[in-house]
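Can you read through this structure? Questions will come right after.
First chain written, first letter: the chains are A, B, C and D, and each begins at residue 1.
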């Protein structure tokens, strides 16, 4: 379905148990679309699950200018929740989606039931900016294989490369063949939009909703140090790491990833004190 | 309640939803008893939960000789499951309890629905043996405070010590005042019983039940390396680590700990492949 | 100076104390040349220091075909040591140079006085291959900035990016402007030449010379796990890690790097046993 | 030799090259004495090496009261350097000795040529205090074996326990048989003296002398986090970690340990900038 929000046509889907009074919103990482979540939904299908493509992702409208701040995506999310009247959602974001989720949550903590931040930072440091600029340059190259070699090798772990060689090759092949040139234009703007991410540490304290921080032991993009800072500053947060996974924890270790989130959101009301 | 198994009076309790057809058995760490689990059960109360004290723990019978192998506890567990006719339990063990669970699971994998091994090794290496022998010696000392200083400082993390100073002091105080001398005799035998733990790596492959391995980033007793070996050898296993926790992950980060397990056992039937 | 070895003109320089009877050979990483070592030589200038460019590096001859195995560089090194009659050198290799050093040392251990392997693996795993293939593709792109964004972001650590932004930019600028197109052709062949690196672990035992293994805590290309295997298999080896450094440890933390090596080679004769 | 400093008879020895104009002072860890350094001196014997026992260590005088602050040891060190007119020494401290060295260096940085801090913290956190109190209690127990089981298992790594079982047993045996009861009284006071160690992070900036920080990957007492803070705050510092070593890095990996220090102090004048 498509809804016009802040002047942009935003594509979304509703999955899981559409009659549930508990809602989950999944927020895409950079190169993802609503479809990317399909394999993972089985474990969460007792919830009403909202999937949406941000501007420049999947079937949502492309941005009609040169660049924008990720803050625009936050405003899209605000409107999305407001227009669809989603009450107290569990927001789950990975990477880029987690960043938008943080931007939203520091201003709207009271409106959400829980927050899950997977492989997410609160600050695009200079190394991340440079990696991003390399990816942007790669988008402009005729040889599309190059883009995937450069990005996937950062995103997946050594272990996953050993075990899932075929899957990675098929995926690369598919991407190379099927993604149109405006997809790459979108990716470039998405990367630029995250460059200004620099949430002051003290603002993280605004997030009062129960929060689960998921880190990966082998994430080459987001360090565990960043997850620890999120854990320290967000009062009501929990923090676990997935062993053997890289930045794409949700894909590399989907069972671990879904288990952690399911267990977390099912126990939201319970705060065990010993 | 008490049941006589293999000649020993074993104390157990049934908690949670007694009418549930899904059962969970929680297996104590060294210095624990059935009571130790009470604060954690809220998150799992839709299951029928069995708690039991091993020989030399809590209200179960003391061993009537000098020493025994942990294998005896495995046989107690076998009889317990058989006598109470517990069908396809989810077995959850922490540390000593996890070790007994591994011993059980390599022989009875088909009888269990899932296995959770928290802060558990499959081999009591020489350093662990020596730490244990120090604890045994400490049991014989009049000054009971010494025993707790020596053990708790290994079990809890630096972070927990900073944050929960009072709780740790109160706990130490309580232990020192309330534990009778035969408790220490039991602890000594329990430590000795684990000294022969040395499961050949290839036997771990016998465990076919879905398995969750929980590690802690700050565990001074069981290294993450051991968790990785369990994860590698147990085919259908998942592995996560709790950031900021020490060996007593279940007490230091109870919300993370229960979330991981709840999410895991609720999704047993679902094996996400991407 | 240039010497013809195995049919290739190989450029080399002699630095340090040319009258010293103790020789050091420094072996370049992928994108390095003899010049890359200049800033680091001050700390080792009591030795006679040999620098050389491998085939396809710096001022040495380019390869006259499509591709070759890194084994060719090993044979160049053999001839170099033989022709210049270098007796019992200390061989120091970083990354690609370390790989050539391993290939040489497993066959010629008795000929060398010591071996230093910095940020070196013994096996080009699939992830490394894919990263390399991305770099190869980047070589073919008109926009040379892309090549440096893709490579440098893997090579230097987050910390170094924060602290030495200007230096990195200047370096990128210099590279983009000054490197001729045949340099990129050489890099492509160098990367391919390392793809077949897969030394069986048991062959590492052939290395009997005292060996220092230098790892970096933040190396995104070579894991500490690999350094531990080298340390375990090479009997007379030592192993340290540089905290806060990435793959380019020698450039990121030059004082640490040179100190470790100097202390190591000055104490070769001393094997402390406690 | 014995010198009276601040009213205490302090035992010291001069080793290495007594004619060297460059001096090194080695500062003992808690349970060490001047003799503990003997096996390590071979690698540094071109320096004039001063070894000394602090109050309550080795052959130095015992303290004549109940307790004191580690600051007293700092004053002893001040007087030692002054009375023996040691000009610009290289100060090398491990653990307790490193703590005294920090206390000294923040006030006398201009008087020293370099500083090496091995397995050293600047703050006795609550967990360390509790571990110390356990050790104090263990000192009072008749069974001396207990004291060594409790301390050594914290000090040495798992790997060292596996490999050097016999050495550890012999050492334990020797200690149990040979250490007189006033040695334990001394240890108790030494532990208490370190309890007030809490150097404000900003005072570390006073240390301007070139500083080498040595950490161990498997140190159960001092975390790598502490070494990173020292590295960050001490402007002219370098920081390396020894892989596979525990708190007793100097004994577990003596070749690595001496190499790092030798390379560091031989290159003091050289500050490589790239």
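Definition applied: contacts are C-beta pairs under 8 Å (C-beta built on N, C-alpha and C of every residue); 3 or more make two chains touch, one makes a residue touch a chain.
Per UniProt, the chains are A, B, C, D = Alpha/beta hydrolase.
Note that this is a predicted model, so its numbers are computed, not measured.
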For chain C (Alpha/beta hydrolase) and chain D (Alpha/beta hydrolase), chains touching each: none
Touching both chain A (Alpha/beta hydrolase) and chain B (Alpha/beta hydrolase) (chains): none
Greatest centre-to-centre gap (Cα means) from chain D (Alpha/beta hydrolase) is with chain A
Superposing rotation of chain B (Alpha/beta hydrolase) relative to chain C (Alpha/beta hydrolase), computed on C-alpha atoms, to nearest 5°: 180
Cα centre of chain A (Alpha/beta hydrolase) to Cα centre of chain D (Alpha/beta hydrolase), whole Å, reads 48
Taking the mean of the C-alpha atoms as each chain's centre, how many Å separate chain A (Alpha/beta hydrolase) from chain C (Alpha/beta hydrolase)? 38
Could you list which residues of chain C (Alpha/beta hydrolase) touch at least two other chains? none
Chains touch one another in the pairs A-B, A-C, B-D, C-D
Chain A (Alpha/beta hydrolase) - residues contacting chain B (Alpha/beta hydrolase), complex: 39-40, 42-43, 167, 212, 215, 217, 224, 227-228, 231, 238-244, 251, 253-256, 258-264, 266-267, 270-274
Note which residues of chain A (Alpha/beta hydrolase) are touching chain C (Alpha/beta hydrolase) in the complex, please. 125-127, 130-131, 133-134, 137-138, 140-141, 143, 145-146, 149-150, 152-153, 156-158, 161-162, 165, 168, 220, 223
